[in-house]
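Next up, some structures in structure tokens.
Here come two complexes built around subunit A, the first alongside subunit B, the second alongside subunit C.
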Partner chain A sequence: MKKKRSIQLMSKLAGGLIAIGAGALLVSSDGGAAASALEAVQYETAQQSGRASLRRLTPDQYRNVIDDIFGSSIELGGRFEPDQRVDNLNEIGASSVSVSSAGMAQYYSIARSVATHVVSEEHRNALIPCQPKSAMDADDACASQFLSKAGGMIFRRPLTAAEQRRYVEAARTASKTTKDFYTGLSLSLTAMLSSPQFLFRQVVLEPDPASPGNYRLDGYSKASRVSFLLWNSMPDPMLLAAAERGDLHTQKGLAREASRMLASPRLEDGVRAFFADMFQFDAMSSLSKDGKLYPKFNSMVVADAQEQTLKTLIDLLVRQREDYPKVFVVRKTYLTPALASVYDLPLINNVPNGSPDAWQPYEFPANDPRGGILTHLSFLALHSHPGRSSPTLRGKALREIMLCQKVPAPPGDVDFTLVNDDTAYKTARERLAAHSREPMCAGCHKITDPMGLALENFDGAGAYRTEENGKRIDTTGEFEGTRFNNGRELGQVFYDKPERATSCLVDRLTAYALGRTPVRGEATWLGQLKEGFASNGYKLPDLMRDIATSPELYRVSAPVVEASDLSAGSRTTR
Partner chain B sequence: MSWVQESAFLFSAPSLQRLPLATLASVALAGLSAQPALALETRSYVMSSFWHAGYNQDGDCPDGLNLPIKEQYEKILADFGYGKEEIAELIAGFVEGEEGGWDQDKVGQLMTMRGRVNGRPVSAYSHPAAVKDSELISYNGKFAYGFDLDGKGQNDKSFVDPETQQVGIDHQLARVWGCTEGMRDKVNQGSATWLFFWTAAKEVAPAWTITISGEDLSNDGPITIKFGRALEPTRYNGDGSPRSSMTFRADPDPRVNNNIYPGQIREGVISITKPGPYYNVQEPLLAPRFSFKNFNTRLKIMPDGTLEGIIGGYQPIEEIYWTCSSNNYNCEIFFFYDIPGHYHLLKKHADADPDPVTGQNWSISAVYSLKAVPAFVVEMPKTDNQRVSAR
Partner chain C sequence: MAKFDRRTVLRGVMSGGAVTVGLPLLNCFLDNNGTALAATGESLPVCFGHYYQALGLNPGMWIPSKIGAGYENNIQLKVLDPFKERMNVFSGMRYFLDGRPHETHTSTVQICTTGAVFDGGPIGPSLDSKIADVIGKRSRFRSLEVTFHGSRGSRSRRSGSSVNPSEGSPAALYKRIFGPEFIDPNAADFTPDPFVLAQRSVLSAVTEQRQNLMRQVDATDRARLDEYFTSVREIEQQLELESQKPDPLPACSVPGAMEEATPGSVVEDIVVNGRLMARLLAHAMACGQTRVFNVDTGSGSWRHAGSAVAWHTATHEESIDKTLGYQKEVFAFLTVANQLFADFLHILDSVREGPGTLLDRSLVLWQTDHGDARIHSNEDIPVMTAGRAGGLIKTGMHLRAPGDPCCRVGLTVMQAFGVPLSTWGDRSNQTSKTITEIVA
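Up next is the complex of A and B:
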């Protein structure tokens, strides 16, 4: 069933740069590289495959792509536009964000910084494959050589002839104006890096020869989709070559490339990016605590806490290939001295002078109150208030992040007096019990609090405690009929009953890969993925392979484009 | 098995968890000759504050305080025979404080070389005995923190401890510093000079560690106390408070590993029952070495788990003199006190280690205050086998 499609905005900016709004889609009429056509169409397809969309590069993806093309010594400068979380994922939000005028100014500033570094005397010999006849004049041959190579990586597909011509012309004009070849080159490069073809992950459709009248993603779009899923970066030359050969249109070719990428250490980057998104670690950058109450909790601890969980997950799920439910009980982790201080643990750091904050492997003892990522600082501190813990926030996060369940928002007129009364009610359990006597509050707190209270042995900064206001903390509770005594045992319940958490992971990872929430028509596919995940022993790399090689990940429906939408001279249509 | 692996094993081994204190305490104190037969609890600390334990009140120097350095220089110049107008001219060009330096003005050069050996100018700081005694004022109050180090009880030189009211307190260093403004401590948190020294050193100097072990540190009983030195400095939080529960590697330097004493906890106070020698090394701004005879402690484990109190004993005066004199004239004009003048005071009040020929004492009873926070201290044996103490 087709639904109404809409055409999204394309607005021309100075210098011929084009900013594409949310949800744009490129359609190639010639079946090849499509940018010259740049027909921007957004449509809502049948429920079978959901809405196709363009995704804006996240800040990490931007950095990774620049690193891949020009190396890590290139400084970005500037600040990125904030991500937008939609349906619990920034990667979905990336499909619905545009670029504001201020954001465009920032992108332009970053592009200038990158381009300036690339052509600098320090880098030009390594990054520019030719030398101009005169450094003070234009040189089309050299500019063309550099721009076509760099452009193919920046746009993650070969430049069209028109693009090639336009960027070389821009470099020529700028070089002649400035009387400096490299300045001209950098300005043309800046234009590339400011263009929507770079800032957004292009989705280019081409007629599907196997199904006349229908469309498919072109090879480069497929390459980007699999690459950003598995590596959180652009396709490497081998993947681009596979796209060029058309290998990605065959299941065998796609599986071969996916296997190669899954075997690469760069898979860790992809896994890291996914979990950072799923666990909402972007919120860590604005996390702050009351310095009087938690003097150890500083920005270094915040950064380390996030890194601890990501290192733990990567080691467990990628390097050790353990099953996903073990994240809730894993005792092996990594710590820095600053983190160990908050955890109140000894951490031997036998390094020579210097490197005082090096990461060290650590394993929580079997009877330690900590075990599993739910007892990591990254979870406990992130889902707490600045000056106290919050069983409600923690319970809500457990439901929504780990189990993909929806917790209704509180009503607007909640009376928080009892929740803040430390005098009459010593512990959070007592305060919440009093608060939940309000009928309007009881329903939601019944959902969140029992699990959140299991983590009350950890204060608002994640440090261990046994008492609150002089009264012993009760951390017992029940989850779906199984009783637990504390947070560690709650993690064990998640491990023993893995269905909900693993189902949630499949839902999240699929949404992350698609850039949108799966639709009803994809339920069968999701069911198959979940069955496969379980039968493979909940191995994350296997799930990623299944998703990356699923035809459903690349399925598109034919856009229905009204003639008026594509009329000449009117590229901006609502 | 590498030390890292072994340590990880130690921390994770279930058997260790059942008997952590006994095991870790014995590990921490391995090789200690004075360790209890069965140590069940060990706590380690890292020093977070350290200062000379002064106790000064308004009016406790009835003859006034020692002159500020500028006026002291005027007096010294007059002794050298300079006339009033010459002194005024010299002092007009005198650069005080941080901007000053021995080569910044004529006064700096004259004062740096105010020592005389056979009539020839020599550095006043390298040869303080070659500088005429300025006859600085000594503290002559009733109170000073400390211990009855000589065990002779009250005499005309001893003090009364303001906290315990114990008499016969030997703390002659209090006399040396007590009437010099920059060294007076009226708030029991250290003089301005000591606070400056500590602030400069605390985040860079290797930390000093204290490890206490006993059957039950919550109750009275015999204990073993060890003072050591770490390879890392003490760490501090963003608000300046010391960061507790950090892990420190004990410096394997044999010079700093012999400060182990039998002691006791009595009514919550940790003291040494058999005072002995103490030797440690430190960041050079404070002192290249720090040693005592008859070393003693009066420390308390506070309700928040930190450690506070005093340590002291007979300390060689050269160590105390070195602290500021090593920075020579700059230190003198920054902290505004007459360094050679205080050398003479140190000699005057020294009360131990008499020279067998001249009878001049070369050590002085000295007491320092400290605060320490809980920490983990890892012993560093020569082999790869690391050992870890619980705190």
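Up next is the complex of A and C:
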């Protein structure tokens, strides 16, 4: 039986180790791998700081990174393994997913496609800094020059000498086998792009000299953490240089880099990625509506609906620097002709003929039933059934996505007989009223339905209506003691009482930055972030700066190992 | 030897929409018993498929009245009569939540595929993955996952962190199986491609790092990296297969190119997609490309064009017809679904290999989430198997085990395929009771 006695790792290990961490790569002081004695590292659940895990790149991050390294003309080809949503975020799921067999086949085929494009005659002159002595044979010098430069970006840190040697050797062997320098080079690049160092965002820990006995992320891991948060992509050369100099270990250096990145237009990519994750827009890709019931709702509308909300948010929160609660009342938005037809608006196409951008600014009038992102198609249609609206789904989404509250699942063995007689009810409110008369159903439906019913003026595709089955729709309701008459007014209530929604945003953004749900020991930090957010007038870029420059974002728990595992150190790895 | 062009026949099949048709067999490749490859003397390999159809069956309309061999199908399963002697129907068993929250349509799927509710503990592989670990290693794809409704979701997982994504488009699945990387096992000549050999050598730059990386991370990430490296190893195995001449498979033929079908949940499209997927899987197995498959019918989302009510919604909202005594709309959905399952079996059975068929050397396990979907009941869950897995399973029986965990079927099936397991399932779902009646 395993001993349950846990011991602090550092007390048991000799000084050669500099980096230890739950879930992290360990490096020794000379930069090589170490700590073979650590067979199992356990972490306590109630720790002061949390675990730092490998995070799998999301499809968007993969695309952004390839764009950054090789330019946007490189085609990816292939499809990515779907993300996995954990605790409401794909970015948390990224810390727990691995790569399935089918997923790896896809990654491999994408890597081959990228590498083939990079060495193609069209791109090689721009992307490969040298020419081989013979195109039909291996050339270590040229391969080395290219692979170390590309590798430093692909791994988001300089290659180790061993890695450098190995990938050059791989290129040499493959060039000789295929009698083609560029094929060999592209295969070595394919291997790099298929490696765990690329597909997963690595975290390397080192002891914190400022705080003996504690651990921090190394400079390159910090650089990745901040750049994926702010730009949804890899660190740029300036940030990597700052990491190399050790600047990111000083508050001043970190703040300087964060300011530079926040001022860049690439911040919009970061904000876009965060909201797409928080609002679960990945579900849009499989959203379809019944063509007979909603003839205007097609795949173009789906793509535009998501973009409309993201454009609105970026304009409001990043460009205009408005406060976050305004998202629930904002009337200014952007529309395309496809969207306007579902919104039933006479949008005249006034962009220049042949312009690639079909988007036009539009402002809903003050008395319009629409206002705020809750009345956007991206919310209304996404949280509905294919053939009809659903106050329950919408109410649940409002609670869980916008307010970070958890709605319990329906119970088992429930007899629906009482609410079965569909024909007796004309509106959703009547149908759902039957649920709330049933004690078993009432608890949860009271949580979801009143808010969802406020949006019943919008059908399953998000189009405006005033009647259902010939009966006038009642959209009145109450949220935490404040009454409202319709969906627009519900948004106003969220704006007037911003505490829950803004607190939710801080929780989500922090979890998004950490790649995990914050631990108990981080409650104080979250409290400080929330206070700061409120006192800064709920400015999103300021909140992002606060998170990006918090020491807490880079703090990692000291690992705890079981004594029995240390003694079993000679066991070989699986 | 008969002179005909197998491909011509198949093209006709694929475009004509016929359901049952035999793929011509070239008997010269088989031994005198017709069950082993003449070239190698090996038996044709066994195949496993998991067929998931949410929302159960109509209570009172599927359980056969007779127990044991020689049962008669009840009204709802009459459509499966042609396979009765090669099927088993199980009734009376149930899923156990042991007081844990009932995530309806979710917790029970977790039990029927992995034996356990995902409640924060480690999530084991689904049973198809365990079987694939035993029988899937020598085929190009360890397993193939499909849905009939266009989704890429899947019930199949290697572990909690690794879901095997589905193919929702027949055209994409066709490309994956029969694209440029497909090697026809019956092609006359074979030359190893130096590009394939080069890829194998280069990938070792990645796999060599395994030990080093694995000991640098904690147990959780080590499990993830382990899965990653297993997946890379499978790419290597695939490249290895591509560099060897495959054994000839007489029943193998390449279907004609496939056009994109209409994705979505409208029943008419589902039926078309489902049959296309069945044919592709049949061809893939006949050509030795995979030995394991997973089907998710996506039945919860099925609906009729122009109707606001999906099957799932109907199970909860439709009244029980006072004259008929059941939900009419739900019954109609079930009729289509059961017919589609019968079509699926017909398509596997239409691949003739000597005296038997592809269905005979396969086992398809049909499972569902609830006994009575209307009330999310976890009792009297219908379970079925079809095919004999090349003689590993005895068939033609209705077995009733009231109150026993459904995991008994999963355990028995896994054991039949050689998965080294003596018990399976969590808490009250746990069982070590093999259903000995069906063990050959």
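FYI, the second predicted complex is superposed on the first by the 494 of 574 C-alpha atoms of A that agree within 3 Å, B and C clash if a C-alpha of one lies under 4 Å from a C-alpha of the other, contacts with A are read in each partner's own complex, and residues count from 1 in each chain.
Everything below uses one rule, namely that contacts are C-beta pairs under 8 Å (C-beta built on N, C-alpha and C of every residue); 3 or more make two chains touch, one makes a residue touch a chain.
Remember, it's a predicted structure, so these values are computed and weren't measured experimentally.
After overlaying the two complexes on the shared chain, residue contacts for A:539 are found with neither subunit B nor subunit C. Using the contact criterion defined above for the overlaid structures, shared-chain residue A:365 touches subunit B, although it does not reach subunit C. Touch criterion met: A:347 reaches subunit B, while subunit C stays clear of it. In the superposed model, A:387 makes contact with subunit C only, not with subunit B.
Contacts of A:256 after superposition: neither subunit B nor subunit C is touched. Once the two complexes are overlaid on the shared chain, A:104 sits against subunit C while remaining clear of subunit B.
Once the two complexes are overlaid on the shared chain, A:291 sits against subunit B and subunit C alike. Residue by residue along subunit A, subunit B and subunit C are tallied for touches, and C comes out ahead. Applying the stated touch rule to the two superposed structures, the overlap between the subunit B and subunit C interfaces on subunit A comprises residues 291-292. Listing the residues of subunit B that touch subunit A in their complex gives 3-4, 7-8, 11-14, 16-17, 231-232, 235, 237-239, 241, 243-247, 249, 376, 378, 386, 388, 390-391. Across the complex, subunit C meets subunit A through its residues 97, 101-104, 106, 141-143, 145, 150-153, 157-165, 194-195, 197-199, 201-206, 208-228, 230-232, 234-235, 238, 263-266, 301, 303, 305-310, 313, 316-320, 374-378. Residues 291-292, 295-296, 298, 331, 337-338, 340-350, 353, 356, 360-368 of subunit A are the ones that touch subunit B when the two sit in their complex.
Contacts from subunit A toward subunit C in the complex involve residues 21-27, 33, 35-36, 38-43, 51, 53-54, 81-82, 84, 96-105, 108, 166-167, 169-171, 173-174, 177-179, 183-184, 187-188, 190-191, 194-196, 199-200, 286, 288, 290-293, 385-388, 408-417, 419-422, 431, 460, 559, 572-574.
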